Amino acid sequence: MKLSRRCFLSFVVGGAAGTALSPLPWKLTDDLSIWSQNWSWTPVPPDGEYTQVNSTCTLCPGGCGIGIRKAGKRAVKIEGLAGHPVNDGGVCLLGLSGLQLLYGPARVKTPLKRTGKRGGGQWQAISWKQAIKEVTEKLKELRKKNQPQSLASIGPNGSGTVSALISRFMKAYGSSNDMKMASKLDSDEQALFLTQGIQNGMVGADVENADFILSFGCAVLDGYGSPVRMFRANSRWKENSATLIQIEPRQSNTAAKADQWLPINPGGEADLALAMANIIIKENLYNSSFVSDNCDGLNSFVQMLYENYMPEDAARRIGIDVQTIIDLAHRFATAARPLAINGYGKGQNPSNLKETLAIHALNALVGNIGKKGGITGLSAYDYIRWPKVVTDTVAAAGLKESRLDGAGTNAFPHAKSLPNRFFDKLSAGNTSIQALLVAEANPCYSMPDTAKIKRVFDSIPFIVSFSSFMDETAMMADLILPNHTFLERYEDVPVKAGLTAPIVGLCRPAVEPQWDTLDLGDALIRIAQSIGGSVGAAFPWKNYKTCLKQTLADQWKDLEKKGYWMPSQSLQADADSKNKAGGKSGRYVLMDGTLETIYMAQDAPLEGDSRSYSMLLMPYDTIRITSLQIGAPPFVMKTVPDTVLKGQDGFIEINKKEATEMGFKQGQAVIVTTPIGEARVRVHLSSGLAPGVIAMPRGLGHTAYDDYLAGKGVNINQLIGPVEDPASGLDTALGIRAKLAKA
Amino acid sequence: MLPFCFEWVYDMGHFVFHGGLWYALSIIGMGMTYCVIKSVIDTIKGGKGNHLH
Amino acid sequence: MDSALIPEGVKRCSLWKFLLALSITSGVLLWGVIAMLLCWIKGLNQTNMNDYYGFALWIWADLAVIALGGGAFFSGLLKYIIGKDELKNLINYAVLIGFICYSSALLILAIDVGQPMRSWFIFWHANIHSMLTEVAFCLSCYFAVLTIEYIPLILENRQINKVPFFHHLAHNMHGVMAIFAATGAFLSFFHQGSLGGVAGVLFGRPFAFRDHILIWPYTFFLFTWSAAAFGPCFTLFITWMTEKITRKKLVKDKPILLLAKISGWMIVTYMVVKSIDTWYWATHTAPSLGFNWEFFFKNNPLYGKTMLFSEIILGGWIPGLLLIFRPTRENSVTRTTAFFLGMAGVCINRWVMVLQTMAVPVMSFDSWAMYIPSWQEVATTILPVAYGVILVMISYRYLPIFPQEKELNPIEGSAGSVDKQVGQTPAGDDSPLQPAQI
Amino acid sequence: MSGNVEHKSDDVNHDAKEASSADQTSMTTSGSGSYILLFFLLGLALSMVAGWVVFPKLLYTQKKQPLDFNHKLHLKEVDSDCASCHFFREDGTFSGVPALEQCLDCHYEKLGESVEETLFVEQYVDKGRQVPWLVYSRQPDCVFFSHSAHIYGANLECRTCHGDIGHSESLKPYEENRITGYSKNIWGSNIAGLKQATWDRMKMDDCAQCHETAGIHDSSVQTGRDACFVCHK
Amino acid sequence: MKQEHTQHRSKRYGMVIDLDKCTGCGACMVACFSENNVPFKKDETDKRLSITWMKVYRIDNGRDFPNNQVCYIPRPCQHCAGQHEGHSPCVSVCPATATDYSRETGIVSQIYTRCFGCRYCMGACPYHARYFNWWDPVWPEGMEKYLSPNVSPRMRGVVEKCSFCFHRYQLARDKAYANRRKDVKEADYQTACTQACPAGAITFGDLNNPGHAVHQIVKPNDHVVKNKAGISIIGKSQNPNVFRMLERLGTNTKVYYLSSREWVRKAGDNYIADEKPEDMFAEQKKH
């Protein structure tokens, strides 16, 4: 007993000594240390040759040049393209997070067919062959019933080949219900036609060279126009000591960085601009040579101003004192290169036509049309010259039916597409739409009164979405035919976002398609060809890339090499002259009959009565949250401040003093109620907001996409309804009356 | 900790700090070794240890 | 049943009572262990610490237990080096408390680091400029010393002591204990100090930052001093509690009063220095870095001037004075109050040096950061307390911790009567007090 | 211990008991002494064998390379040494183990009739699959190694770190450390970590040793040697 | 002296951020996230648990509507030199030498595999520039494909921070070697935030190199000056509009800020009562 215990102990001691003298403990420690430093579940990114693919970003209308850095076959980083005419190396946070969209969990990875209830999120993966077949069958059926006009489409507000292919498809198919999402470009286009007779026009603003910039609510530093270009312009203003004056009720980023922030009552932009015009003319500060040489209708314009826009009255309406307006008018008129720009926020929503005209008029008065540091009416150089669509009888009959939204009719002669009216009609009980194609748009999220839009979607029997991502609209679809993302496809990107010269960028694949997706163009071509007949004949291309190459013809090589193409001046002049309506060439109309009606019209009132809704709720745009059809990727969400979003709760901004008077504390939960709906939010007490105004960001409150975005905050479109601008027919709601109560 | 560690530098700081460490460790180590060895010897001798405490 | 293990000549409660108390405490311990495992397996996201509070409750608990455990090194220093032999009646318990405190501190540190498996890098890849390295060196060495000091106590258990080798080992270790104690005191001086240095060297944190003597900021010396001053308070307070719970006098008044007196003088001298330091910091250091001292005690829900008052006056000067004046020292109520206040004072000091340092905004546009620990943090902080109680219970029951116990509580009859005694107060238990059996 | 009188008498008692038991054991001591030594040596020997022989066998698992590559043969066929396949790119980065595309420069059609060639063509070339080479010199992800700095900058030869693999006719098995997942070549074939040649080990200390010899070792404030970011990422 | 010798040949990479131009758009933050494999969680709204090597602070002048003024301050790691070069608040306290200061570049490094997560450095950093991996980083399935091979992804339980995109310096050096150049060109080594900033507000380069733009803007003082409190200030800017954050503490950062607004410059540091930034060196100026 004793012996064995002692021997055992001695054995153990010997063993311990031997172990210590062997490499075992030391090597084991070292290896364990290495193991603990390199956990096998921590990803090790594989290395590879570093290459770069130059392309164009299509996540917003800005058209920035991007370089996609690759390691082997993987895209590892997106960077701004140095030397690119739009952004010269700079890039915004959304562009930088593009790879999260490409590789992200919200991708629709294969064609899907709805199996459960609509919107229920139950899908069956199907092949492309079957997907095309299902769409074709449905569409053929409608044509067979001689109802091609019961097909509608909602597409992006763009002018490239993709948008054109959709329109072409609709035309060949025989429906005029070809909707494009509305934006500031629509109101600009109408204003350009009314003042300068330019068709298909776009406003170019030479912001870089201006030295006194009056921004009427434009989110210059939050994604207005081509965002990076605006940032660069701002830096240039700082270098050149130019003055930026921001006019809006909320201290946005732009207001914060502006030299002067002028908070006015919401909707007072036209009043302010016209009151300034009044002063400028009265004090003879306007550019008389330009006005007399180029402008028509000065006298009646002046008369209208004197009757309706005296500074005192305007001051009262917009909530600032007269002297401020007078000073502003003086400074504007006497600046070397003044510039007034308009479009609320990022310009994703159309502006009131009166306001647009007023601000254009302000520019005209200082002779700022087509000049360095001024605004220019450009007509888009249309390089898309496809053979005319030959329609068959079914299509011809269908096309005779008028558009549901009334665009182009007598009521709205200059409007091209009025999606808000389209949905209003359907919501009011019109059941003529039997099938809907949605591409590169997310109306179920981004159009006001989302509950209404969703009801409309519910009532449409057949909906096809071409979305790359499982967004709110795709959720409502019967079939999803997923498009490649912008990093996997070719596309021409004509940039219309306020540039002074037109640029067409080339978006091209940086990586192989990651999933079983198909380019939207290819999908359309295949659908058309499988419908056959005249529809198929209108799409003679083998695939979208061929179509694109043929369309761009001579420019293709240039595009491939440089990544962008700037139509030459002669081409531009050619386009300009073609688009100018007869008799108005080179003239600027300050006033005529049409304009007078617009100027004299009462502003459409905001929804809700001021007695039960004491406050005004305004959406605001911030570059930290994407608000167009693309949902914010995780990196973008990561930059959202905790005064905008905390946990899943969104915040509403309210004037600090006012909130204190109402008994609200920072972060307190409240219920915001509008005539459209209500939502639970938390308050953020702000020193940068006019009393009586409350503000919420656009872009939150998604119900689709992934866990990194869905369910966070409140979609302000649930609370806001459309306000139709009687002059343009466009929805120009800039807010809604609202009230706050403790939750 | 030891002169062949990557971080080791022959300077005052290392002499002082590691000197202190090794000094303490060796006192502890030697003290314990002494106790154990002496106890072993005492045990073998037949446990006639003094108990004058 | 376990009478064979119980030291001779003392009475202990019945085994079932002991086991009941043990299981209740073990329940608390288990709760802490679960929290600890959660932290190890799922990571530190289980805590409410964040990037502003990299150091929080745990580091405070570490600093606090080490300060309170300072009684071990200081009484060791007094007994073995200075030669206050009277303290031999307290030293065992001081060593046990110290051992508990230091092992707890090491355990908490092992939970606190993000990669416990690599924590040995602090030794292997040591950066000697870091106060934390110094802490780690001295802390672990001193823990080794405390273990060495605790081992003979274990070996004196009746049964263990029967083994000749252990008997001799205990004896021999006692023989060289002075050397260990001296080494321990030296080490303790440094790690108590370097724990102070941890805060004092943070020149990016004006609340904690102090000027230096050589490489050591003033907090280095203040921490050592305060641990020496307040550590004995804790030892004495726990002794008092043990006496209350066991309903026995375990240590004679003389060693207690002696240590209380020394502690009192240490506290008072510490408070003089601490007050000067605070004054100098408030009028020189902080303003030179752009801060009005009042800034650190405003605009936040917790850290007001009351905190400063509590630390310096309530938890500093008052216990110090109570302990140096004979009448209040000899009155057990005021004395114990002084111990308690002193402990509270040093805990507040450690708290503010860690958590207020983290809370104070340094960039002009930053804001105060407040923090509430998660249950996992609280549980893992209570874990060592439960562990300590258990170790005290076991040690008290089976080891001759208090040499004077037998003398103070003579048992009528033979040693065999221990078995018969039923209804005794459980040792080290915090269950309701039972009638004393003396 | 205590100064208690009672206690003292206890001890005496105790000692007496102990002495007797000690006497008993001492009878066996001389006999068991040799056994004790024997068991000690047995323990020592067994653990030494376990540590030096068994442990290394258990620590590494042998993996076969997907193809048996003949470096010697290739070296004869190409123009510019190792760099023919393991080349630098224009940006100064190093290509490492060639991708299939590089192999295809020559192997666009089957070259020869060897088994390996057939395997290569059938399994990889025809299927367009990359060859999953097991790289002996693969370092952890935290390591940044600049081949440019060592080849262009320091004019080192490949063999300084990689040894004579360029002249091998056959690929040795890849021995993977079961714990770390890295090749045995990083630690070296000698389990004690001793090295004879510069290429025997590729641990941080080996890098540091060479850097020290080369005299580039003082950019770190903390260590007075190379700053961490020289070799880490 | 050795110090002088190394200073002569060494670089001091640094940054100047023009706060007049900075619009707070957040591109720098995202550029950094995507360049450096920064992880993200489903909820990133608790900013004290959100890893943002580059973080944009929003500060205001504290006045009420309509006199409120706002400025954005991007804050990368400040790469402090401390009282003597390399004595950064964090480097000096790291017990395991996981963070280091390079004399060659002036960059404060962080080695994730060495760090064992004691977080002392985070407590030491007054800029909150250091972040702890409270969670194991998890990328949604498929998203790990975009991870850059140039930056090692971190594991749970370690501290990370801005490295001035040091891997870009490594790549630039590779490029220089390949072109048989000794030196890295200014344009070859630019941080991801600098490159991305749409406003062009960030300038990055070698503060020791008079040819570099950053040097020309900052005009750092070659001599170490002492402020009123006796704290050594290395590389004090001689541009009146340039300031550093918490310069008074003697952290001696290499990230400079430029603002034409006085209240912004004053917000960079703490001042008691009626102190003014220009008072800090009053005595020096007299000499």
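Each chain carries a letter (A, B, C, D and E) given by its place in the written order, and its residues are counted from 1.
The criterion applied here is as follows: a residue touches a chain if its C-beta (ideal position, glycine included) is under 8 Å from a C-beta of that chain, and two chains touch if they have at least 3 such contacts.
On a predicted model such as this, the values are computed, not experimentally measured, just so you know.
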**Complete:** When each step joins two chains that touch, the fewest steps from chain A to chain B total 2
**Item:** Number of steps on the shortest touching-chain route linking chain B and chain E
**Value:** 2
**Asked** Among the chains, which has its CA centre at the largest distance from chain C's?
**Response** A
**Message:** Suppose chain centres are the mean of their C-alpha atoms. Which chain sits farthest from chain B?
**Reply:** A
**Message:** If I average the Cα coordinates per chain and compare with the overall Cα mean, which chain comes out closest?
**Reply:** E
**Prompt:** More contacting C-beta pairs: C-E or B-C?
**Reply:** C-E
**Prompt:** Rounded to the nearest whole Å, what is the centre-to-centre distance of chain A and chain D, using the mean of the C-alpha atoms as each centre?
**Reply:** 56
**Complete:** Taking each chain's mean CA coordinate, chain A and chain C are separated, in whole Å, by 63
**Asked** Just curious, how far off is chain D from chain C if you go by their C-alpha centres, in Å?
**Response** 45
**Between chain A and chain E, centroid-to-centroid distance (C-alpha), Å** = 34
**Fill in**
By the touch definition above, chain D meets two or more other chains at residues 1, 18, 22, 91, 93, 140-142, 222-223
**Complete:** Check: chain E positions touching at least 2 other chains come out as 46, 50, 97, 113-114, 136, 153, 155
**Message:** Going by the contact rule already set, what residues in chain C reach two or more other chains?
**Reply:** 115, 118, 125-127, 129, 133, 164, 167, 174
**Message:** Under the stated contact criterion, what part of chain A meets chain D in this complex?
**Reply:** 2-3, 6-8, 10-19, 21-24, 27-28, 31-32, 34-35, 37-38, 40, 42, 44-45, 47-50
**Fill in**
Contacts from chain B onto chain C in the complex sit at residues 1, 5-7, 13-14, 17-18, 20-21, 24-25, 27-28, 31-32, 34-36, 38-40, 42-43, 47, 49-51, 53
**Asked** Once bound in the complex, which stretches of chain E touch chain A?
**Response** 18, 20-21, 23-27, 29-31, 33-35, 37, 40, 42-47, 50, 52, 56, 58, 60, 62-66, 68-72, 113-114, 136-137, 139-149, 153-155, 192, 195-201
**Prompt:** Mind pulling up the chain A residues that touch chain E in the complex?
**Reply:** 37-39, 41-48, 71, 74-80, 87, 89-93, 96-97, 99-100, 102-105, 221-222, 227-228, 231-232, 234-235, 238, 251, 253, 256-257, 261, 263, 514, 623-624, 634-642, 645-648, 655-657, 686-691, 706-708
**Asked** In the complex formed with chain D, which residues of chain B make contact?
**Response** 4, 6-9, 11, 43-44, 46-48, 51, 53
